[in-house]
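Following this message is one structure expressed as structure tokens.
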Amino acid sequence: MERTTEAGFSTLSDLEEVASKRVLEHVWAYVQGGAGEERTLGANRSAFRQWTFRPRTLVDVSRIDTNISLLGTMVRAPLFVSPMAYQGQVHPVGEPAVARAARDAGILAVYSTLSSFSIEEITRNSGSVPPWFQLYLQPDFEVSRRLVERAEKAGCSALMLTVDTPVLGVRDRQAPGGFAIDSTVPIGNGSDVVPPSRSPMEQGKFYRLRSEAGSTWDILEELLSITRLPWVVKGILTGDDARTAVHHGAKAVLVSNHGGRQLDGAPATLHALPEVVDAVGSEVEVYLDGGVRRGLDILVALALGAKAVGVGRPILWALGAGGEEGVRRYLDLLKLELATSMALVGRTTIAEVDRSLVAKTDI
Amino acid sequence: MERTTEAGFSTLSDLEEVASKRVLEHVWAYVQGGAGEERTLGANRSAFRQWTFRPRTLVDVSRIDTNISLLGTMVRAPLFVSPMAYQGQVHPVGEPAVARAARDAGILAVYSTLSSFSIEEITRNSGSVPPWFQLYLQPDFEVSRRLVERAEKAGCSALMLTVDTPVLGVRDRQAPGGFAIDSTVPIGNGSDVVPPSRSPMEQGKFYRLRSEAGSTWDILEELLSITRLPWVVKGILTGDDARTAVHHGAKAVLVSNHGGRQLDGAPATLHALPEVVDAVGSEVEVYLDGGVRRGLDILVALALGAKAVGVGRPILWALGAGGEEGVRRYLDLLKLELATSMALVGRTTIAEVDRSLVAKTDI
Amino acid sequence: MERTTEAGFSTLSDLEEVASKRVLEHVWAYVQGGAGEERTLGANRSAFRQWTFRPRTLVDVSRIDTNISLLGTMVRAPLFVSPMAYQGQVHPVGEPAVARAARDAGILAVYSTLSSFSIEEITRNSGSVPPWFQLYLQPDFEVSRRLVERAEKAGCSALMLTVDTPVLGVRDRQAPGGFAIDSTVPIGNGSDVVPPSRSPMEQGKFYRLRSEAGSTWDILEELLSITRLPWVVKGILTGDDARTAVHHGAKAVLVSNHGGRQLDGAPATLHALPEVVDAVGSEVEVYLDGGVRRGLDILVALALGAKAVGVGRPILWALGAGGEEGVRRYLDLLKLELATSMALVGRTTIAEVDRSLVAKTDI
Amino acid sequence: MERTTEAGFSTLSDLEEVASKRVLEHVWAYVQGGAGEERTLGANRSAFRQWTFRPRTLVDVSRIDTNISLLGTMVRAPLFVSPMAYQGQVHPVGEPAVARAARDAGILAVYSTLSSFSIEEITRNSGSVPPWFQLYLQPDFEVSRRLVERAEKAGCSALMLTVDTPVLGVRDRQAPGGFAIDSTVPIGNGSDVVPPSRSPMEQGKFYRLRSEAGSTWDILEELLSITRLPWVVKGILTGDDARTAVHHGAKAVLVSNHGGRQLDGAPATLHALPEVVDAVGSEVEVYLDGGVRRGLDILVALALGAKAVGVGRPILWALGAGGEEGVRRYLDLLKLELATSMALVGRTTIAEVDRSLVAKTDI
């Protein structure tokens, strides 16, 4: 009861509303907003409603084991915290609080180049599951290299390259002035880190050359050469791109549309998942983020071939609603609902969750 | 007119709203709530809107016969009261009042392990159609055995084993404290009866072993050995599970998703019905509950192969709206609408209601 | 402008709302209400939105001819006023005013057994297109015979037998007391005329034998033997029933679900139309009513095989909104929109309106 | 920032609402209204939501080239201002302001016969991309000829014949009095220009012969004979009509349903596009208007075969919201979003935008 009070919310149903009242309005617009008309933002969520389960009953579900291994590291559940920038803007405790909550939940978290705290401070607050570091390519490749070296040295066990941000998507909720960063909250990884793009209007009359915009798949091989850590490619939505990523050395791909924040009109990630799994699922791990809110969503994505599933906005909601305690509670509820759902469909291990578990809803 | 006043509502259209105003708020949340986002709760209802009738006109419908036999007992309509816990919380008259209304309507009712009144008191208020007793497996099998013996001795003519509750579903409307039972209303069947699961949060950090969770299909054979009454298995949603239930001795299966209260993401029961009917409909009786509100719903489910149809929440609404008189009126309206609908589609007996009566709606 | 004021409304878009404010509340409930949950009532309308036109341009549309012949009588448009009871309750001018408006529009109107004015008074106000008379079978066949004789003698040119009312549908908006007829408005055709059914609750505990309920297709042959006028069968929704009607001597069938007032769950008439046209369209005329509101609806139904289309509720709305002048204006607008739509799709005669004009909407 | 203030709106999301508050109510009704129930108006827009992109990542998108050639003239983007009447009613600066904004954006604009300013004044404000002139056939062909000659002499480089307006569609929002033109705003092209049709009610009892209504495809050949400029046919919705137009000499066709203002029930233009492209896309240029609001809409239409896309209402919104500055800003945002979307799908030139870019949304 006391915990509920600390977390600020009590169930997955009231989380978003509680957070909307606690987070500053302009930060909330940044957190919630999507690109364009937010079609993709909405589609990410509604895609999950198109699948129903085919449960098995009277299976011995007295022990539910949600453990899996992600790129060789055991985690307590097939879910991870997706990389999200500026967590310190949502709540001053920022990424280190998320790290402590993830540590205690035994799950993986991925941190953004644009974190409010440095990667070293974040890893210090992490546990036996080392965090991963997400890289936005920097205008100067030497800065990218330095960030990778810092992440590796700090103890990260994998790196994630975002490929869906050559330019910034048009986000009307943030216009015209763009997301106004509270300048008292530092960019954790240093002053030479540059956001992936200025606001579209600042890109000037029509379009302006930027270094990330010029990157091609060769960059992945360059990145492979500067570290021994495995690379995950984030932002894949087709089988072709997935094959290309693997061909260039990716050890995993994350099916993602940047939470609907980049290309409005991009497919819901759950729709894109099966094609990517068919293309590269037998060779590398395939993850998904976008629209995951509840435990049953995880189960649906896993049934369709995802190895693990990232959660994004709900982590920020939980952080905004109750700081570290909010994130703890959200992860507890998520894991509980995952385990409960597994019990109710009669699957006791993640290995038993396969395509036979779900059917397309007949609407 | 006076009856209307006593019943508290006048038509099937105003029943739910009347009840919502008369039932205590926390009890109403318990009655209405479903698991998770309540997708399955909504799908149960909307599934009925996907079918339309193919009526025949100028058939002699001067006599409509809705009688059928359920496991050998004649009833006046192919509908039954589904088992629902704690009816005394909704209205102090509780299960005995429901029993009297069912008796006078000539229909079957099934009572929960977790009834507010004892099974003996319920059967005393029942008529020529003996009630059935629903069993939640108890942590101690001896308690289960004792409950079965009491039900048989009290005059129940069949037993119903619920198999979709190895753990309790996540029901946000009841969180965080869970459904607070009014302790002045007793658990009718004795103090050693244990609800099927504590609230999810009480299941503790992640998951806790429970005896029901460990049950497998062997339990059905064990239960068959302790009584001569036939067993109905409740909570089946696939053809595979239906075949397994019949293989282990079930005399009937009830296609049910627990009114959308257990596994969010479970299919609408009306969607699941044809597969179950195809699998075991030629061997045993197949029933359905979930989303049934009106007379025409019964006709749709029967056309798709159900032998009879259970009604749940509307009984609680009627009980809350007008106590025993409310339930009487609801059952009257339901039977009237069933008979009226049969007349209007040109079918005079239940035997004439088959797959040719309905067509998938072209939306 | 003055006319607009007299009619009470100005376009097809504001008609219903204007009427809702001018008609007495209990009469409005009777006019608007459908059976059950009003699924069929809604489906009748939404079915029209599933079709789009395939227009042809640069066709000479300087003359649009909407004339057709219905059972041998030329009318100025392929539309008719569907039979509706108690028009004097909606506005004191009642059926004679509708007759005068239909006369001046050159279109057919069908009048109910349960008209507020006598069939003789109605025909006196009709023009060169003789009205048709709709028959509800009376408990005493001699009364049916007398009504038919009166209609024939008064100058009606065809008779319409309603077959979808063996019992009255369950209409919650009229419950519990049923539609309270204002007793100062007489039943036009005499005191021995009996409404097709009492309210469902009055049908007593469960169901009560009534003579109409016992009618079969033989009754049609009996009716054919007492008049030389052709019979139209109203209330057909399947090809089988259409064939049976024709086999027993019907000269036309009206695809109708009684405006969604009888069997909730009946298909939208527009969905049922093609099957009926396929079954009997080459032998007899096929009409449709249900959901027709605007000129383009007429065109859609004709493209799908209807010979003519009945309008119901909008006539009552227009009558309620502006009495005779309201009906005139509604018919003007309807005919204007039909002609305008024909011009815009490049069809100048009704004969050119065929299946090639429409395509199923890709939603 | 100052520009935002001048433009009156800041993003594509707030444009319509800002405009609705600044434009006079009766003009707004004229701008926004569609025919009938506005089904087609709505369908135009929703059709775009049925397609999603298949993006390619890590493509070098540092230079995005949106240039194309339209009937031989280079333009800076595959979009044009659709012809719209009476722009001076929306804002006193009218068509010349639109022309200056289009000039500076380097895009094509098409002006209506019914412009508030003369075609000579409009062309004087245009730049290196000559405007096109839209012709409504006049009752007296000599007037049509004179308009064509004026347009050619004034420097227009193509002519557009509207073929979907033989009579005016039924637009309830403008009824009963029709669109009341502010008589202080002149009809730019002279007093003998006649609007394509009077309001439907003025067409009198049923229908009145009009010269445009009598036109057939021969008129196109007549028009070809009086000018050397190429003709575009506007208002095509089927492959058959497209072939006929090309057969009679059209150099391009514009798939259009007049912004949903003429034939309610016409298909969404995006649905009609592929059939027209299949029919004549290899011979002539195919354009589309209707429902285009944002940059990604342009990309979808191009992927489905359009050579260029017209924008209509948003130009009036922008004009109403901020006069010339509003139109500039709208065109800036539209082009920016187009370029941004191209970068995010990994296509750097319009030639790379083909059918492989989009997939039907799985709803």
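Each chain carries a letter (A, B, C and D) given by its place in the written order, and its residues are counted from 1.
Following the convention adopted for this analysis, a contact is a pair of C-beta atoms (placed from the backbone, for glycine too) under 8 Å apart; a residue touches a chain by one contact, two chains touch by 3 or more.
In this text, all values refer to a predicted model and were calculated from it rather than measured experimentally.
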{"item": "Classification of the chain B:chain C interface as same or different, half of numbers criterion", "value": "different"}
{"item": "For chain A paired with chain C, centre-to-centre distance based on mean C-alpha positions, whole Å", "value": "59"}
{"item": "Between chain A and chain B, centroid-to-centroid distance (C-alpha), Å", "value": "42"}
{"item": "Touching two or more other chains - residues of chain C", "value": "none"}
{"item": "Chain-level touch network, classified as line, ring, star, complete or other", "value": "ring"}
{"item": "Sites on chain A touched by chain B in the complex", "value": "1, 4, 10-14, 49, 51-64, 294-296, 299-300, 332-333, 335-337, 339-341, 343-345, 359, 361-362"}
{"item": "Of chain A, residues touching chain D in the complex", "value": "36-37, 39-40, 43, 50, 163-164, 166-170, 172-173, 175-177, 200-201, 203, 205-207, 209-211, 213-217, 219-220, 235-238, 240-241, 244, 262-268, 271"}
